[in-house]
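A short write-up of the structure that comes next.
Chain nomenclature is as follows: A, B and C, assigned in order of appearance, with residue numbering initiated at 1 for each chain independently.
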Amino acid sequence: MAAAAQRKPVSLKVASLVFIVIWLMVAAFPFFWTLWGSFKVELDFFSIADWTNALTGDLTKETYGRPFTGAGYYGAWVQEEFWRAALNTFIVCFFVVVTSLTIGTLGGYALSRSGHNYVFWLLIAALIFRAMPPITLVSGYLPPFFQWNLWGYLPTAIIVLVAINQPFTLWMLHSFFQKIPKDLDESAKVDGCTQFQAFRFVIIPVMWPGVITTGLFSFLLAYNDFAVTAMLLNEQNRTMVPKIAAFLGTTYTEGNVMFAVAAVVSATVPLFLLVMVFQRQIVSGLTAGAVKG
Amino acid sequence: MLMRKAALAGAITLMTGTLLSSAAFAECGIENGRVSIIGNEFPAIQTVGAGAAECASDTVEVKSNLTADHQKLNVAGMSGDPAEYTTAIIANSSIVALLNEDLIRPLDDLVAEHGDGLSQNQLITINGKVMAVAFMANAQHLVYRKDILDQIGAEPPKTYEEMLEIAQKIRDEGILQNPVGGAYAAGWNLAQEFNNMFLGFGGEFFKPGTAEPNVNSEAGVKALEMMKALSAYMNPDFLTHDSNATNAEFRAGNVALMNMWGSRAATLTSADGVPQEVVDGFAIAGPMTVGGGDTAASTLWWDGWTVSKNISDEDAEATFIAMKNAIDPSIVQDPEVALQAVWLLEGYEPTPAATGVFAAANMKTIPYPTFPYMGLMHTALGAELTDFMQGKESAEQALKDVEAAYTAAAKEKGFL
Amino acid sequence: MKHRTFFWFFLPTALAMLIFIAAPIVSVVMQSLFVPHEAVLIETENCGPFGCTTSIVIDQEATEQLREERPLGRFAGLEIYFDRGHLAVAEIGEAWQTSESIGEFLGELGDLPFYRAMAFTLSYTFIVTPLLIILGFVIALAVNSLNRRIKGLVIFFSLLPMIVTPLIGSLILFWMIDSRGIIGELIQYLAGDPDLSLKASTPLMWMALMVYGVWHSAPFAFVVFYAGLQTVPQDTLESAQIDGASRWEQVRYVILPHLMPLVTFVALIQLMDNFRVFEPIVGFNASAHATSLSWIIFNDLGGETNQLSAAATTSVLTIIGVAILLSPVLVRTWRDFRGKA
């Protein structure tokens, strides 16, 4: 596209630039607003009296003598030990991504290399499975998990998240493997490899872009999940999102909204690093993967 | 009433010293067993959880899971055999789910053996059997801005009709545009406000002795009309304001009168950055009545603990002792703990923030009903009253919808 | 691939899905056909800190016996599917007979929870899905023409709406659109109406939810389309340019057909996700104005209600709804599949 871009008329270039700037404002503004507000007191962040308080921090100044305060961060990380939740989230995310990619690549590869009718029906079944509302699934898990003493532990939540995310993973990886020419592994098989050896030595080396993209979506699912982690983990094993929800309080009692806001901002940092590290793979992976639909 | 007696008895309560030292020994006299607690996560319950944890030893395992989702977990978690949770901390609304599924055991034998120090009014008896031990009380009552009421020369309202008059005056004087606050968020909150008003008008939720709904009545229509009249003095977004949002309005100084939970009074003005005039003007009073009745338009609540049915006797005994240790009257000697709730423990001196709840208990206020099907009614009210509050349908139609929604749910659950 | 090899490759993922999704679906279907036993009620006296009251409890001994005889509960067949909380067959029949005009009939229909939820769910699905696809596509085109060096940053910031936890994202936006929040003030200023409040009006609340939906999901479409753009065959594009195709014609006749399979993929996933819209309704406290099937399930399971059969029934209806919604896409996929095989 580089050659085409050079020939663009100026008006179109300006229009597309203006559009990007507007979009970035729409996309990122709430986040920057939150980042700014996370250094204020609650009454400034939710500035009911006058919205400009959120910018100037009048009430923060009254309380702390300066317009910024790290009280939210201190409260969340030190007082409420948010780092435990962060640690749990990383354990959950790591194992969800690894497990779901391992079994997903095997399954997706098999789906892409078999032309039988049941492949189509398996894909459809996976899609119907995905239609099930997660809250119903979770409430169905509770009785057996309690009965077999599986409830509350990280591995339980991990395997449930893996299973719930399998349909999406399968669909993505299936279409990705279809883009990898069949000749590659066929010729390996002609040379005497088994199907698994062909997969191991020929396909694995070329599959990373698609796998990394699928992995990113698995990661986001595990990272942002609330329905499963809130209901299946006990208090000690909570991940970040249910912990943040717990900061918000309930009908009877006061929450600490600024802890939640500070925690949300903190929770975005690792995602920033992740996207920066993997940005090239994310894009090229999807290219290779989803093109065939 | 009984609560006042408890408070008076507190003045002459003894043995504080010995009780304090018993906490220090930490063994609580349990030989072995398993204690596992499920409950909500507010500070008073955190205190109770920590108190039970003091009983942990090499032979006694104590763990707790305190979460806002406790009601979704406790039934499943107590259904297994042996149950994951040996005790659930519940309120008078949520004990019903455990009773309906037959998941908690009568405590009479344990009370007889280990119950010394529990006062009679802490014991929740159902059908003659002790099923739970209460440790704190709660109620909704008036919270107001004394400075604003002084400014217009008004006394704090005793009835909702007076509240409307004062609100009109405040608006006319141009002090506040929307002087009334109310947790009218669609769902649980809105239904709760209806319950208050409905009971204030002398309504009965069900036809006596049956599960047949009875809200589409004169009391129901009057209750809705009063709510509609109040909402005219509220922020126009009232259907999205839960108790958190309503409190935030009060803190920002936008609200002069509201009906609020007693459990939140203590921390209402202690947050960072609350303007000084709000801190100074903050005052509380008992709940209001409505329509000339003498029943307060509010409900009384208690929080307490239960013991699972599906556990061994040894675990049940350990649980009972640990939980009793957790609500030992000595805990309220800590001024911070005393502020966390309106404790139903001997020796508890009501803090200024607790006067509203005490006033509610001393008025004719009805405890939140414990019918097995009250939860279904509450949910139906929360979902079906919104159209009326938005002026999209009549009060009669809204109440008819409530009864229809309730009936469908009650049929499914086998109550009708 | 041989059946046998296929089996071993597919086994782990199949097991995960069978145990954790298929089995629960079977139990949910069962649960929607059975309801709890009739409760035997007895009147009692209950005492507590506030004195004694007469109340009612379930007679556990009598109920226990019923439970032991038939542990699944009473067989209700499709009764729950047709009751007022779901398809409301009887109520619709009555409304049809008593209503004098179509408008009145639709009004009565809107009073029934299932149809009220469907009205919002379907509007949301069919407005949000195309909009987010178009927006995602335009962003992808625009980002693609940017300088290589700033692309990375732009991509990250474009992803933000998707990666900030919806639970909190909607909470913060909920505040921003408050009549005193920054966006709410801006809208009041633009509309010239100082009393305008998004949260007090049903149409405006619907719009706010839909704008949130587009904002939240457009990044997903953007990432997919942007990736697809990298593979547009350059020679086809160049020959189109030589033939004098305008920029619009290049997009219309070269780029779009190339991205079509991607559009199908995004549409498939987003139709399904939008049909199950839930988080913004809770995050925006919007249930007075808008409900969805997932919200009904949440409401049935929450609090002191615990209506398992009702929730199960709504879940089955959700799956059926998704299947109907996706059927055109599925038929297309089937044709592609046959074509390939």
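By our rule, a contact is a pair of C-beta atoms (placed from the backbone, for glycine too) under 8 Å apart; a residue touches a chain by one contact, two chains touch by 3 or more.
A quick note: this is a predicted structure, and the numbers were derived from the prediction, not measured.
J.: Compute per-chain Cα centres, compare each with the mean of all protein Cα atoms, and return the closest chain.
T.: Central by C-alpha mean position: chain C.
J.: Which of the two pairs, A-B or A-C, is linked by more C-beta contacts?
T.: Between the two chain pairs, A-C has more contacting C-beta pairs.
J.: In whole angstrom, what separates the CA-based centres of subunit B and subunit C?
T.: Comparing mean C-alpha positions, subunit C is 34 Å from subunit B.
J.: Measuring from the mean C-alpha position of subunit A to the mean C-alpha position of subunit B, what distance in angstrom results?
T.: Taking the mean C-alpha position of each chain, the two centres sit 38 Å apart.
J.: Using CA atom averages as chain centres, what separation in Å is found between subunit A and subunit C?
T.: Going by mean C-alpha positions, subunit A sits 18 Å from subunit C.
J.: Mind pulling the residue numbers of subunit B that touch at least two other chains?
T.: Residues 72, 188, 242 of subunit B touch two or more partner chains.
J.: Touching two or more other chains, which residues of subunit A qualify?
T.: In subunit A, residues 46, 48, 139, 245, 248 touch at least two other chains, as defined above.
J.: Would you give the residues of subunit C that are in contact with at least 2 other chains, written as numbers and ranges?
T.: Touching at least two other chains: 301.
J.: What part of subunit A is in contact with subunit B in the complex they form?
T.: 41-44, 46, 48-49, 59-60, 62-64, 71, 139, 142-143, 146-147, 149, 151-152, 230-231, 234-235, 242, 245-246, 248-255, 257-258
J.: Write out the stretch or stretches of subunit A touching subunit C in their complex.
T.: Per the touch definition, subunit A meets subunit C at residues 1, 3-5, 7-8, 12-13, 16-17, 19-20, 23-24, 26-28, 30-31, 33-34, 45-48, 50-51, 54, 102-104, 106-107, 109-111, 113-117, 119-120, 122-124, 126-133, 135-137, 139-141, 159-160, 162-164, 166-168, 170-171, 175, 195-196, 199, 213, 220, 223-224, 226, 241, 244-245, 248, 260-261, 264, 267-268, 271-272, 275-276, 279, 282-293.
J.: Taking the touch rule as given, give the residues of subunit C at its contact with subunit A in the complex, in rising order.
T.: Checking each residue of subunit C against subunit A gives 1-3, 5-6, 9-10, 12-14, 16-17, 19-22, 24-25, 27-28, 138-139, 141-146, 151-152, 154-169, 171-173, 175-176, 180-182, 185, 215, 219, 223-224, 226-232, 234, 237-238, 241, 247, 260-262, 264-265, 268-269, 272, 276, 278-279, 293-294, 297-298, 301, 308, 311-312, 315, 318-319, 322-323, 326, 330, 333-334, 336-337, 340-341.
J.: Going by the contact rule set out above, which residues of subunit B touch subunit C in the complex?
T.: Those in contact with subunit C are residues 1-3, 6, 71-72, 75, 92-94, 96-97, 99-100, 102, 121-128, 134, 137, 185-188, 209, 211, 236-237, 239-242, 300, 302, 344, 361, 365-367, 369-372, 374-376, 378-379, 383, 386-387, 389-390, 393, 397, 401, 404-405, 407-409, 411-415.
J.: So in the complex, the part of subunit B that touches subunit A is made up of which residues?
T.: 40-43, 64-69, 72-73, 76-77, 79-80, 83-84, 138, 183, 188-189, 242-244, 247-249, 251-254, 261, 263-264, 267, 271-275
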